[in-house]
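Both complexes below contain subunit A, partnered by subunit B and then by subunit C.
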Partner chain A sequence: MVPAPGRPAPGALSALIIRCLHGLLTAWAAVTVTFFGLRVGAGDPLAGILAQGLASPQQAEALRHSLGLDRPLPAQYLSFLTGLLRGDLGRSLYTGLPVLRVIGGQLPSTLALGASGLLVAVVGGLALGTLAAWRKRSLWGRSAASAAALATALPVSFTGIVAILAFSTLLSGRAASSLYALRHLALPALVLGIASAGAIGRVVEAGLSQSLASPYVAAARARGVPSGLRLLWHALRPALPPAVSLIALEAAYLFSGTVVTETVFSRPGLGRLLIGAILQGDYPVAQGVVALAALFYTLSHILADLVSLGLDPRLRGKG
Partner chain B sequence: MRAHPTRTAAFVSLWAFLMALLPACGQAPGQTETLRYGLTLVPTGIDPHLNASAELGIPLSSVYDTLVFQDPGTGAFVPGLAERWTISDDGLSYIFELRRDVTFHDGSRFDAAAVRANLEYVLDPDNHSQKAAFMLGSLESVEPIDEYTVQLRLREPYAPLLDSLSQVYLGMASPAALQEWGSSEYQFHQVGTGPYRFVEYVPNDHLTLERNPDYAWGPSIYASDRASIQRVVFTFYEDRATRAIALESGEVDVIGEIQPRDAARLEQGGGFVTYPVHIPGQPLQYLFNTQRAPTDDLRVRQALTQAVDRPEIVETVFGAYSPVAEGPLSTVTLGFDPGTPYPPYDLPAAVALLEEAGWVDTDGDGTRERGGQPLGLHIIAPNWGSNPEVAQLLQAAWQALGASVTVEVAAGFGALKESQAAGEYNLIGVNFFGTDPDLLRSTLSSDGLYAWTGYRDSRLDETLLEASGTTLDPVHRSALYAEVARITRDQALLLPIRDYVNLVVANTRVQGLRFSSQGWFPLLVDLRLAP
Partner chain C sequence: MRAREAAALIWLLALLSIAILAPLLAPADPRQPIGPALTPPGPGARLGTDSLGRDVWSRMLYGARISLTAAMGAALLATSLGVAAGLLAVSAGGALDALVVFAANAALAVPGLLLALLLVAGLGPGLPAVILAVGLSGAPGFARVARTLFLQVRESGFVDAASALGASLPWVATRHLLPNASPNLLALAATHYAWSFIGTTTLTFLGLAGDPSLPEWGAMLNAGRADLLSAPWLSLLPGLAICLTILAIYTLTEWLARLSTPRSLTLPRSL
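Moving on to the complex of A and B:
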């Protein structure tokens, strides 16, 4: 039977289901490792909670009991997992606020930053990669290739400070602080996106160079497909699936990149929430953020698979 | 040629628009009314009754009034929401007569029932208070005697009680608001009686206060009757490198915890003033583990103390702004005793002490041995407050003395406690801040939560207990803490490094910046912004 055009074959569909199950397993593993890792690596949460309050040993034990931290670890893990299945991530040890509410307060800011960062990464990466492959021998092509290489190498903590300095020097004093949106979204998104743009650019360049040299591009040219942009699209389409997979990876990477970006730019967000929760021992919050990150990671990979299937018909036949 | 009339009009209006925009860029509307204050870490929870962070007190000590206030100059307690008070001779009963003219920001009246509601809220185990609940000693009951008189009863005397009641953690909140919002949500809807009222808190983003125009019951330590700056907006700068930039770009007017290098540079450049704020409590210090070789030997602890050039370390790591610490309490703390200075840097004396204790480099490899065992030291340093840099310099000093030294950096308090619990350390960095010297009990009393020296001495325990409880007389308490300082030094229980100084830098528009006796908290009511 010939599959209907444009729709994944049954084999691809079951592959997707397996992918989903893998994703769930990954998410469970991440959450479990976090649960035990925090308690082994970062120590007793009560120590952090009491770091600035001078309790007597008796008062400390009373607080431990009222927070439920004296229960055996397996019991705590079990109630965490059952809560997770119900969509209940527990409550912050410090404030008693539901973890979902704490995360909900920070999520929009991280989503805005991550999405803008991803936009910068994708647009920048495609532009750099295409330019580098298409005009390989010109100065433009070579500069694009070097820019992509440099962008991947610079850490956000460095580019961020440079960007803030440049921003406040160019627009001195008060003017700088009144351009709120630019300072608090565009600049961090640029800094965050640039590193990923470099990586995406290099993959696009590699794929495009290969397909530009391939027989079917030569054939297309012989058939009279006009050179220039149309030919470029011809060559670019098969070069995209690896880039799309990378973009999915980069989306997850951007999520981790927000940690540093948010700190450097003093932006609210999940990254800072996570770091604070780990350092101060607010484990339910840290676990919640990791659970969410695992879910996001899984979903972005499934999405990438779907997009690749849509882009490259050759992938559809393969189980 | 005639200019096109509509085009000319367009140019003119564009020009006018740009001109109108220009001052707006340089000066946002109402700018003289708004002070922007940079905070350095985002507290996890900002209800002072339940959470413990010092950072939360920077905004909130102006939202709340306390029953009494401590004069930052003299250390004396002065009337606040309580006009006068009497303490029974046995120290078990405190009767406070309250002001009758005080209203909360929500319009409700402050009275004796409010005091009881606040202390009950703090002590309710379901609210998980992380600091305030431990500041009340053995508080047994809070009973209103009449509408404006309230009695606090203790099971045992507790000298720091007035000090506790003067702090933001026991600031008086509107019982109606506590009731309405409950312990988790109240932090976003705080209602006090102070010179500023709480407007909004968005975690990791900002916290806004607005002037309380009705404020008329300020304590004598406030120079102004009510606040002059309309609005104070607090934002967060956790990354040290971004703080000076925030000042220079005009994003904030004031910010604390500036690095010494940046403070000097900002002041030199003009337009900024540095306020070195001394924080009472314990200095940055390393506790010796007296239960583990080789620091179980007093002579070794003394030798290590004398082999360290503390002024040199302080100068290297902290620059010119920090005093060298001279005991278990920083110099600005009640009970600090100038009569027990620490032994000065004396390398030959240190070498003599080690050799007397039997530690000699027999095989000439640069490390001393005794009975075939090398002189090994393990230091646990917290990753905050420049502790890792200090630990490195200690390592170098003791290596020069012939010890083999390892340094372990603990990321966060949980990790510090975890490393401590393993017991494999000779020195560990830990210190607490506070105005009352009773905080020493946690680290120096053998049953303290942080009794990490492992040292047991009934005389030290009894002295600390007596200073905490049986006497309320400040002169007698000071004598007892001098005794504690003497024992600590003679037994070489800890190595004090430097008194904590918070470097606050403000631009020159900010006038009248003063801090409470705890050091961290600005008296916002007295601040003014020059035009």
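Moving on to the complex of A and C:
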């Protein structure tokens, strides 16, 4: 049966609801894994504090009681879940500040890095993929393809250090301080974005190669459509849906990337907060950062699903 | 085998022999100072000295041993857990299968690196914790793919035939499912080794190995950042070693995958 034009396909709404329910389940799983993952090896979350001599055994006992650590694990899990729903992630063991406020203080820096990294990833990925598919046989196309492959393989820790070295050598002494913004946002964003740009570029290349070889592009050529328009309108458009859903997934992976990027560039942010919390044994902070990151990851998965549902009508009936 | 693949194989074999022979090849103790700090590479110390005056060449050699072994430990843990869970799920089926799939999907709701970081937070920093964390966080993904591979084997007729002849579940699992899936599992494990290598060196780079004097490539890359501009070789050398190793593993696994793919699937691109 042919669905009436202008109306959503019959399966679309139920597919949407199923994806959202699935997303909720995934969010719950992520939060649960966070809670139990942190407790998988730990005998005592306060061991770090005790080892550093920051609290006497009596103080630790009192702290343990006030944190609820002397209660059975299921009870702790339940209060963690209800706290999360109320937006209460507990307090830092070291500063006593609410974890949500500690995270809120570091969030803008990480968001700025992540957003500009994503911009680099999308622009770079589209450029690399288009170049690699359109000029397949030329030197430009081949080097774009190898650049995309290399970008996915190289770890951010190494590319970051090479970028810092190159930047300092090229601009040695000359106005280095006036380029503060460049050093502290553009360079980290570039390093972070390039890693994802490679993956996006490969997907764009694969889709574009396929559509460039298709009959409708040949037909457009026969009709005399100029090559630029042919590439951008006829060939690139059908190649985009998989790239767009990959972009949403890469947005989630960018957070893992920011952990390393922030360390390489000694940049404040959630990643450094997390590493610091792990090294100090500040478990409420570590738990809060990972729980929020996992929720963000789930959210972008749902977003990716919804975007691909919107872009590709063939998926709608399947649920 | 093309030149690139040969180069990758040579690099990995060289690393393997260095890892085994590190105590014989290293001219100095990797943890003890041999002279002034931050000597550039030269006749005294082949690759210079680090900020504490330790021989970088010896540390690189021992680094091959520690980095490769740590990644191997993590990969073995993930592979054995993943294969065991996949085999259990497919041969038992039913509720157990659903449980394994559910647990794997739940664990995969947290991105791999974050899960590993979380486990280190629970275990407390240190190299054993890093290995355990990377291994455990890699297991769910491996289990899911291993389960699919076992399912493919189970769908072929001979498993039904064996069951019909009265073969027990363990017999089917160890005599039919495991051997027939093993070529694909091996290729999967090779790819997973690259993942484990990236994971362990990333965690040690983040300073989670605990001991900052550990001669391990990720930890060295991190320690070298302090003198990045005055002594760039301190971070460039371990960084380059990590990159080359990752690229070599990728190149070889791609080659292996191409070898095992039927020829009919690799038509020339011009079609």
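Keep this in mind: the second predicted complex is superposed on the first by the 269 of 319 C-alpha atoms of A that agree within 3 Å, B and C clash if a C-alpha of one lies under 4 Å from a C-alpha of the other, contacts with A are read in each partner's own complex, and residues count from 1 in each chain.
The definition used in the following text is that a residue touches a chain if its C-beta (ideal position, glycine included) is under 8 Å from a C-beta of that chain, and two chains touch if they have at least 3 such contacts.
This one's a predicted model, so the numbers in the text were calculated from it and none came from an experiment.
For A:I278, using the defined touch cut-off, is the partner it touches subunit B, subunit C, both, or neither? Pick first, second, both or neither.
Touch status of A:I278: both partners.
Pick one for A:S92: touches subunit B only (first), subunit C only (second), both, or neither.
first
Return first, second, both or neither, reflecting whether A:T34 touches subunit B, subunit C, both chains, or no partner chain.
It touches subunit C, and subunit B stays clear.
Which of the two partners, first being subunit B and second being subunit C, lies in contact with A:V225: first, second, both, or neither?
So A:V225 meets neither subunit B nor subunit C here.
Name the chain, either subunit B or subunit C, that contacts more residues of subunit A.
B
I'd like to know which partner A:S66 touches here: subunit B for first, subunit C for second, both or neither.
first
After superposition on the shared chain, which partner residues are touched by A:I161: those of subunit B (first), subunit C (second), both, or neither?
Both partners.
Let me test your reading of the model: by the given contact rule, A:L50 touches which partner, first (subunit B), second (subunit C), both or neither?
In the superposed model, A:L50 contacts subunit B only, not subunit C.
After lining up the shared chain so the two structures overlap, which partner does A:L185 touch, if you call subunit B first and subunit C second: first, second, both or neither?
neither
Determine, under the contact definition given at the top, whether A:T263 touches first (subunit B), second (subunit C), both, or neither.
both
Considering only the contact definition stated at the top, list the common interface residues of subunit A for subunit B and subunit C.
After superposing on chain A, subunit A residues 41-42, 47-48, 161, 164-165, 168, 263-264, 277-279, 281 contact both subunit B and subunit C.
If you look only at subunit B, which of its residues touch subunit A in the complex?
24-28, 31, 42, 44-45, 47, 50-54, 125-134, 183-185, 187, 202-205, 235-239, 241-242, 245-246, 248-251, 411-418, 432, 434, 439, 441-442, 447-449
Which residues of subunit C touch subunit A in the complex?
Per the stated touch rule, the residues are 105-107, 109-115, 117-125, 129, 132, 136, 198, 201-202, 205-208, 218, 221-222, 225, 228-229, 232, 235-236, 239-240, 242-243, 246-247, 250.
So in the complex, the part of subunit A that touches subunit B is made up of which residues?
Spelled out, the residues of subunit A in touch with subunit B are 41-45, 47-57, 59-60, 62-63, 66-67, 91-97, 102, 105-106, 109, 161, 164-165, 167-168, 172-178, 262-269, 272-273, 276-282.
Going by the contact rule at the top, pick out the subunit A residues touching subunit C in the complex.
26-27, 29-30, 32-34, 37-42, 47-48, 150, 153-155, 157-158, 161-162, 164-165, 168, 252-253, 255-256, 259-260, 263-264, 274-275, 277-279, 281, 283, 286-287, 290, 293-294, 297-298
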